[in-house]
Every structure is written in structure tokens, then in C-alpha cells.
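Following are the structures in question.
Below, chain A partners chain B and then partners chain C, in two separate complexes.
Take a look at the complex of A and B:
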């Protein structure tokens, strides 16, 4: 393990050098495309230049699209022939991301690589190409609660990077990246730090099994009217892994078409619709309960860790200002026999 | 891509049996190691894919009994013998046959719930499970919805078979009433030595299992099978998850002690 310091010009040199061999993917500022007028959108995208890399703010969407695209063709059909598409970009990929998101991708691994003891090959072939370049978080952003979710720390990275005002410090764990950095940088003793305190205090429920009556508790009722089932919490979440399979045919030839999988989410209408008209969780409150339990309760029963990593993006993006972390706190209060009808 | 679990195989339709106005059985040429209760992901390229339970099988063919009520099933309904469908599977956890050996088996099926239990009925009747006895109660809304009627004579010969429709209708001479009414009449059975299978619509399973519990059947001797939307069948897509349970992996057949704790 070695560390180096760079000025921004030197870092740009390393960035350019890496860009010749690797696909570079990270948070990028898109001016004027934010939710409100005159605000910018921070989103994950391919990076061409070092200036593209947004190092100060939290991204609106998570990096999960690099392993689990919103829309992916699984088969091309020609008559009765099934053909799997090649990856459009076969390069090894460096992804710049924060500790919570590294933990988040590990949660996706649980589903796509472990659950049911079958590996999802579409996920796997993208996942195998990833090298994590961790962007250090020293202070929690708005709505973040990674410390409560035990997802503030990780040692699963090729390099860890601190972007300070005057210099960039890099610790290298994966030796194969050493050369690219060592030639330009000055040796240092940089060691990344991790967030120690959440910006929002979150108390997780301390129960082995949820009591049956909490499923129908009135605490979920407010979400019946507040949630509009837009699914932004699902799409922004780094750990939401649900998808639907959709077949299409091309308008010019019914013989040719595709099978695709597209992101789906438990807050969206139709998520449980079965042929014949039967469905589950028609009320939005039930969907909120289902998501909440998956993120902080039942995933743990299956995989011994919580699914939610506390990135707080669901709170950032909700058009109805529903706070997931507040919901967790309300649930914990209710389970411990505390506050009833607040808010 | 090696070992792509999403890649289906082509299966030629050998025979189509019209069961009711909207239900039909496709027999396809395919070989698989199947446990009764398991399902396949059945698809047609450019139309879609859906989970369909196996309603019968031999070494050489598999049958799927399908109700034409959805995007895929309506198109499957139009197919002819000799046409090809695509299947992958079998998936899920089927009935625990070893638990039924040397036991009295009671199977209660409601409506199209008879399809996933039919392979179990056949294996119980041909001696390959080794059950002590089989009692079968099949209930339908009306006579028009009755499935597999061509096998009823055989079943009635080989086991204690009760066919019932929910409401009396002109010309019907058989049993009437919900399956729960017929479950209540089962008090002469030694429930300590009996396993119970209940498959059908959610409401039917809820009340039928409650009847058995009232009769004194231990909850761990009751088995049900769930039906949920699925896109993958292999624990990835998330549609069929209830609590920590994936119906596609841990089910569709679940013990009542497990199933009764699940809240969608």
C-alpha cells in the first residue's frame, strides 16, 4: 500500500493516462439540468476530462447503472434465434464513487451473484470489469445516514482519493495502478478517513422479527396520500435491484425484436400485477412498508447485513419530500412503544 | 455467454387440450428433472415470458395448463400443434415427496390450483411416492370451469375423490359447496398420520388451511403453493419477494408454518 500527493495538474496527467486504457465513470456536473431552475444536475456519466469529475457534491443518481443499466437488452430475436448482445464497451472500468456506494454495489452483488445460487451473467460481465476509485467522504452530506447503516467504511477499493483544495492525495491498494500514479506523484503518508457522524440521526429498529401488527400499523397511513408512486426512490437507490422483462418487436418486422430488462420498483404501479388482474400492495403505504422492511429488516435475514447503505438519495429525490430516514425513526419509535401520532 | 440462465430452450407443442373456454393444456416435447409443484418460465420471443406451473410430465414431455388472461397467455392460446414455445426451468421448490411417504395425503385444490397439484396426484396414484392413502377434494366455481375432467373417472377409481362446484346449477347432480364444507366432513381421519396440501386462490387457501387447523391438523403438516408475478424465476427480479422469502426460490410450495407468517 503506497500513497502519493499531486497538484491538480499532475492529477490531470494521471487521469489522461488512465483514460487511454480504461473507461472512466464517475459523478459529473451537468449545468442547468437540476430539478429547480438554475441548478445543476450531478449524475453518473462517462468522464472525458478530469474537470468532468464532480468531487464536492453528492450525485442525484447512484453509480449502479454501470453494472445494472436502466434498460438492457438480454436477447436479440431473429425469428426463433436468441442472440445475446456483446457489451458495447469492453474496457476495464474505473468508477469513482463514495464508500456508501461501494457498499451499495456489494449489496447488488448479493442479489445478482449470490441469491438463488445462480449468477446473473449480464450483471457479472459488467461487474468483473469494475475498479473502485473511492472518493473520500470526511463529512456527511444532507440526508446521509451511512454511519447508522454501517456503510460509511470500506476497504474494497483499488485506490482511495482525497480531493483537497490545493492537492489530491491517493492511496493505492491495487498494485496494478501503482505505475500510473507513482511516476507523477510525490510520496505521502495519506490514509483515507471515513465519515463518523451522520448529518441526520437515525435509529434502526432493534427487533429479530417484526410483530405482525406493525405491518398494518397506522404509521404507514400517511404514505397512502403522500406517495405518488413515481418510483424515484427506487431509481435513485444504489441497492434497488428489481427489474421487469419486456419483449418488443421492431415495427418493420414482427420477426425481429428484443427481450429487455428494465428497472422496476416496489413503489411503482403494476409491480405485483398478475395476469388475470390480481395484485398486491395497492396502497402506497403498504409499498412504503414493503420497501422499508426490505431495506432495513428482511434483507438482513437473508444476507446478514442491511440492504440500505444510508446514502439518503431517496430523500434527496422524492418530489413529495418523504423522508426515508424519518420513516425508519418513526418505525423504531413505534416498535419501542414510543411516540404515536407525530407529524 | 456461457451458462446463461435466462436463455430458454425451444419446445415443440405435441398436443393441445382444450380444458375450458379459456383454459388449455400445452404438451411440449422436453426432458427435465421435475419435482411436482415446480414451474417453468415460458416465453414467446417478442411477446413475453411468464411463470407457468407444470401440470403433468413424463420422461418425454411436459404439460402446462394455461388460462388465457394475459399478454403472453392470450398469444399461447392461438398456437397450434407443431408450433414452438420456449421454456427454461424447472424452478422453485416443489412438494416434499419424501415427507408424504407412508402418510395419508389429503389434497385440496381450488380452480386452476388443480394444475400445479396434478403431477402430485399422479405420483401419489401411481405408487411412486408411497402414500398410504389419497383423498382429493377439487372445487370449482361452476361446471364450466372444471379442468382435467377426462381423468376424473380414473382418479375416482384409485382414490377418495370429491368434486364440488361452489353453487348449485341446473342439471348438476354432483357435490356443491365450497371446498371448506367438504374439508369439515373429514373428521374421521387420523390427522397425526396425515399430510395436507392446499392449492388455489389466496382466499380459498386462507379459509381451507384454517379449516384444517380447526380440525386439529398440526400446522407443519399443511402445505400450500403461492402464485406471484415473476420476471426471472431465479431470485433476481424481486417481484415475488415477500419478507425474506422469494416465492421463486423458497416456494412456490411452502409449509404453512412459513406461509402463514408472510405478509405481502
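Take a look at the complex of A and C:
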């Protein structure tokens, strides 16, 4: 393991050098493309130069689109044959992301690669190309609770980077990146630090098995009227992995088309629609309960860790100011026999 | 000693003859209806020191300070100086002598909804645009009413103005980010014009139905819909209240840029100058357009202006309104006969 310091001009040189060989993907500020006029959208996107990299603010959307695009064609079909598309970009990819998001992609790995015998090939071929360049995160943003979710730390990165006002410090774990950095940088003893304290205290439920009556507890009722089913909590979440399979037919053909998988989410209308018109979890409170249990309870039963990584994006983006972390706390209170009445 | 003042000069100085003999009222212009709260103190001071301590908030977002003796006008003008400096001069208005009060009163205060400084629906900073218009158009003695609204909800009632500037946005679509959740199509169908439909799991926008409100951008959970960085406007014209023929403004230009809006409104000044009936005290622009016809108005106000490629111009204009003389329709209800 070696570390180096750079001024921003030197870092730009390394960035350019890496860009010749790798696809570079990271948090990017897109001016004027925010939800409201004259606001910026901070999203994950391809980076052309180091100035594209937004290191000061949390992104609105997560990096999951690099392994799990919102809309992916799995195959094209004609009357009697089908073809799987090649990836349009076959380069190895460097992703700049924070520890919570590295943990988040590991959660996606559980679902797509380790959940049952078959590894998801569409996910796998994208995932294999990734190299994590960790953006050091020492202090919680608003709504973050990664410490509570045990997702504030990771050692799963090729390099770790600190963006300080005057210099950039990089620790290199993956030796194959050493050359690109070592030529320009000045040796240093930089070691990344991690968030130690959440901006908001979140207490996870301390139960082995959920008591059956908590499923019908009045705790969930308020979300029936508060949630508007916009699905932002799902689309912004780094660990939400649900998709719907959609067949589309080309307009002028009876038997040509393609199969796609498209992001879906448990808060969106239609998510539980079934053949015959049946739909379970019609009430938004039921959807909130389902999501909460999945994120902090039943995923753990299968994979020994919670799904939620505490990035807090669901709280950041909810237009109705529903706080998932507050919901976790309410659930914990209820399970420990605490507050019964809604405040 | 009896009061001897030049009423016409006084009116152009933003004072008015009031019901009470020897007493006047000053109208304070607040372009865009937005001001530093500190200026409220100046308004309060004028009302308390020279008036009767009352202030009327006008429909056009200015202040009317009543019950000021005419002989206090010079002192009031001096007290108005900080307001003129900030709300007019800082926006580009040229005023030769800041001790003499407002240099004109024909063109009314340019009002604005709260716009995107606060409102999620606002497509532009309406107050800033109003301030910019103030800088380009004031002082001006012609009777013109202008308002800026941030979206087609039209909270400022741009449709009641001679020039109603409605900020709109062109939603742009990123096909790959759309997950077919239908939030945009649902909101557009329920709240707007149904311009978005779904085809093969993707949103499709009918450009002829889209009114540019931006609801789809607000509704989209993946930012597949975002706003074109060029800002567009719909200009509705010649709406009015009044004693003869109240009516709503109708669209004259659609999908025009701010630059076009500015130039068109500026071109209106020589148009009015050319056609106004001088025998009337202050002929209102709407009646001038009634007299010259839309074709003449359009030709003269678009003269020399290069429209942006997206711009649309109305072929004809018809105002929904009614004549206040309505004798045939209005009958006594108690003694009605067939």
C-alpha cells in the first residue's frame, strides 16, 4: 500500500491518463437539470475531466446505474430467434464513490450474484469491470446514518481519495494503478478515515424474529396518507434492486421486439399487480412496511447483514418529507414497548 | 393661502388627486413585488410622518400611502430616495434627480408571482425579470400593465394584463432513464392537458399539446425529464378590466426567449406613440390595439426582431370578454315577463 499527494493540476494529469484506458464514472453536477428550475442535478454519470467530479455534495441518484441501468435490453427477438446485445462500452470502469455506496454495491452483489445458484449474467458482466475509487467520507451529510448500518467503512477499494481544498491525497491498494499515480505524485502517509458518528441517531430493532402483530401495527397507518407512491425512495436507493420484465414490440412488426428489464420499486403503483387483476400491498403503509422489513430485517436473515447502507438518499429526495430513518426508530420504539401513540 | 398645483405634473410624479381636498397619495413602485424588508421601514416612515399612518397594498404589488398633504410632496420625494436607488436605479433606471421622486407613472408597477426563488413550480426568477423590465421600460408615461408569472398556473393573473409574461419550460427527455412509471403521464392527464402518453413503456410528449408547465419534470423520479436550459415564454396580451369590455388576455407569442419578450415590449412604446389618441387623458393600450387591428400591432411590434427558431406567432387574435352594456340580457328578476 502506498500513498501520494497531488495538487489539482497533477491530479488532472492522472485523471486524463486514466481516462485513456478506463471509462470514468462518478458523481457529477449537471447545471440546471435539477427537479426545480435553476437547480443542479447531482447524479452519477460518465466523467470527461476532473472538474466534472462533484466531491462536496451528496448525489441525488446513486451509482447503481453503472451495474444496474434503469432500462436494459436483455435480448432482441424475432419470430424464431433471439440475440443478446453486447455491452456498448466494453472498457474497464473506474467508479468514484463513497464507502456507503461501495457497501451498497456489495448488497447488490448479494442479490444478483449470490441469491440462488444462478449468477445474473447481465449484472455480472458489468460488475466485473468495476474498480472502486473510494471518495473519503469523514463527516456525515444531512440524513446519513451509515454508522448505524455498519456501512461507513470498507476496505474494498482500488484507491482511496481525499479531496482537500489544496491537494488530493490518494492511497493505492490495487498495485495495477500504482504506475499511473506514482509518476506524478509525491509520497505521503495518507490513510483514509471514515465517518465515526451519524448526523442522526438511528436505532435498529433488536429482535431475532419480528412479532407477527407488528405487521398490522398502527405504526404503518400514517404512511397510507403521507406517501404519494412516487417511487423516489426506490430509484435513489443504491440497494433497491427490483425490476420489471417488459416485452416491447416494434410498432410496425408483429413478431419483432425486445425484452427489457426496467427499474421498479415497492412504493410504485403496479409493483404488486398480478395476472387476473389482483394486487397486494395497495395501501402505502403496507409498502412502507414491506420496504422497511426488507431493508433492515429479512435481507439480514438471508445474508447476515442489513440491506440498507444508511446513505439517507430516500430521506433527501422524498417530496413528502417522509423520513425512513425516523420510521426505523419508530419501529424500534414500538418493538421495545416504547411510544405507542403517534406524536 | 389656497393650494395651486399643476395636477398633470403631479400625476406624472406618481401622486394622485384623492377624495379629500388638498390631500394626495403616493404610489410606491416595487417591481416584481419583492423587496428587502428594510424598505418596509421607509414606507412606514413616510406613512407615519407625512400621511395618516396607513398603507394600502395595491393589486399591482406596490404601496399606496394615502392622506399626504400636497404641500409635503417635496419632503416625501426626498424620503423616497432610498427606494428609488434600490428598486429603480439598481435595476438600470436612469433618474436625473433622485430628490424629485418618481419620474413617471403611466406604466404601472410590473408585478410578478413569487417565482422560483420560492415556488417549486416556477420556471424562472420572475421578480428578477420584472426588475429587468423595470430597468428597460421605466420611466414611461403610457398606460401599460405588465406582469410576470412563473408557470401557466398564472398566479399573478398575467391574463389580466396588457402584457402577461408566462414562463414556460421545454421538458427534455432522456429515453434511457425512463422507467415507465407513468408519473408524468398521470400528472399531465390529471392536472394539465394530457400531452404525455405511454408507448412501449416510455413517455411520449405531444409537442402541440404541451403547454410547458414543467409538471412532468417535477413528477419524474429518475430525472428522465429535465428542463431545456433555454428559458421560454408565452406572451399573452391585451387582457383588461375596465368599464367597457373586460376580457382575458390571449396568446400572441409562444415559446419565445426572454430576449424576444423584452424587444417586443420595448417596440410597443413607439407603436403607442404613433397611434395613441392624444385627446384622451391616457388611452389604454388595449383600446389602441382594438382600433389599429391586430395585424398593424403585430407588424409594428415585431419589426426588426429576429424570433428564435422555436417561436410561434398567433395568426389572429380573438379575446374572450363581454360588453358591459348588456341591457338586452339583464332583466329585473322580480317583475319578469316573457
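Please note the rule applied: the second predicted complex is superposed on the first by the 340 of 343 C-alpha atoms of A that agree within 3 Å, B and C clash if a C-alpha of one lies under 4 Å from a C-alpha of the other, contacts with A are read in each partner's own complex, and residues count from 1 in each chain.
Heads up, the rule we're going with is that a residue touches a chain if its C-beta (ideal position, glycine included) is under 8 Å from a C-beta of that chain, and two chains touch if they have at least 3 such contacts.
Here the structure is a predicted model, which means the values were calculated and not measured.
Novice: In the superposed arrangement, which partner chain does A:70 touch: chain B (first), chain C (second), both, or neither?
Specialist: A:70 contacts chain C only, not chain B.
Novice: Using the superposition on chain A described above, determine whether A:220 touches chain B (first), chain C (second), both, or neither.
Specialist: Neither partner.
Novice: Of the two partner chains, chain B (first) and chain C (second), which one does A:121 touch, if any: first, second, both, or neither?
Specialist: Only chain B is touched by A:121; chain C is not.
Novice: Which partner chains sit in contact with A:145 here, chain B, chain C, both or neither? Use first/second/both/neither.
Specialist: neither
Novice: Based on the superposed arrangement, let me know which partner A:6 touches: chain B (first), chain C (second), both, or neither?
Specialist: Once the two structures are laid over each other on A, A:6 reaches no partner at all.
Novice: Check whether A:157 is in contact with chain B, with chain C, with both or with neither, and answer first, second, both or neither.
Specialist: It touches nothing on chain B or chain C.
Novice: Figure out whether A:132 sits in contact with chain B (first) or chain C (second), or with both, or with neither.
Specialist: neither
Novice: In the overlaid three-chain picture, which partner chain does A:274 touch, first (chain B) or second (chain C), both, or neither?
Specialist: After superposition on chain A, A:274 lies in contact with chain B alone.
Novice: In the superposed model, does chain B or chain C contact more residues of chain A?
Specialist: Between chain B and chain C, B touches the greater number of residues in chain A.
Novice: So, does A:96 touch the first partner chain B, the second partner chain C, both, or neither?
Specialist: neither
Novice: Just to be sure I follow: which residues of chain A are touched by chain B in one complex and then by chain C in the other one?
Specialist: 246, 248-249, 264
Novice: Which part of chain A faces chain C closely enough to touch in the complex?
Specialist: Listed in rising order, the residues are 30-33, 35-38, 41, 43, 60-61, 69-71, 230-232, 234-236, 246, 248-249, 251, 260, 262-264, 268-269.
Novice: Can you tell me which positions in chain B touch chain A when the two form their complex?
Specialist: 1-8, 10, 43-50, 67, 69-73, 84, 86, 202, 227-229, 231-232, 234-239, 241, 243-244, 246, 248-249, 261, 263-264
Novice: Any idea which chain A residues touch chain B in the complex?
Specialist: Checking each residue of chain A against chain B gives 74-75, 77, 80, 82, 84, 111-112, 115-116, 118, 120-122, 125, 212, 215, 241-249, 254, 257, 259, 261, 264, 266, 271-281, 286, 290, 293-294, 298-299, 301-302.
Novice: For a test of understanding, state which residues of chain C touch chain A in their complex under the given definition.
Specialist: Chain C reaches chain A through residues 116, 120, 122-125, 169, 175-181, 183, 200-201, 214, 217-224, 226-227, 229.
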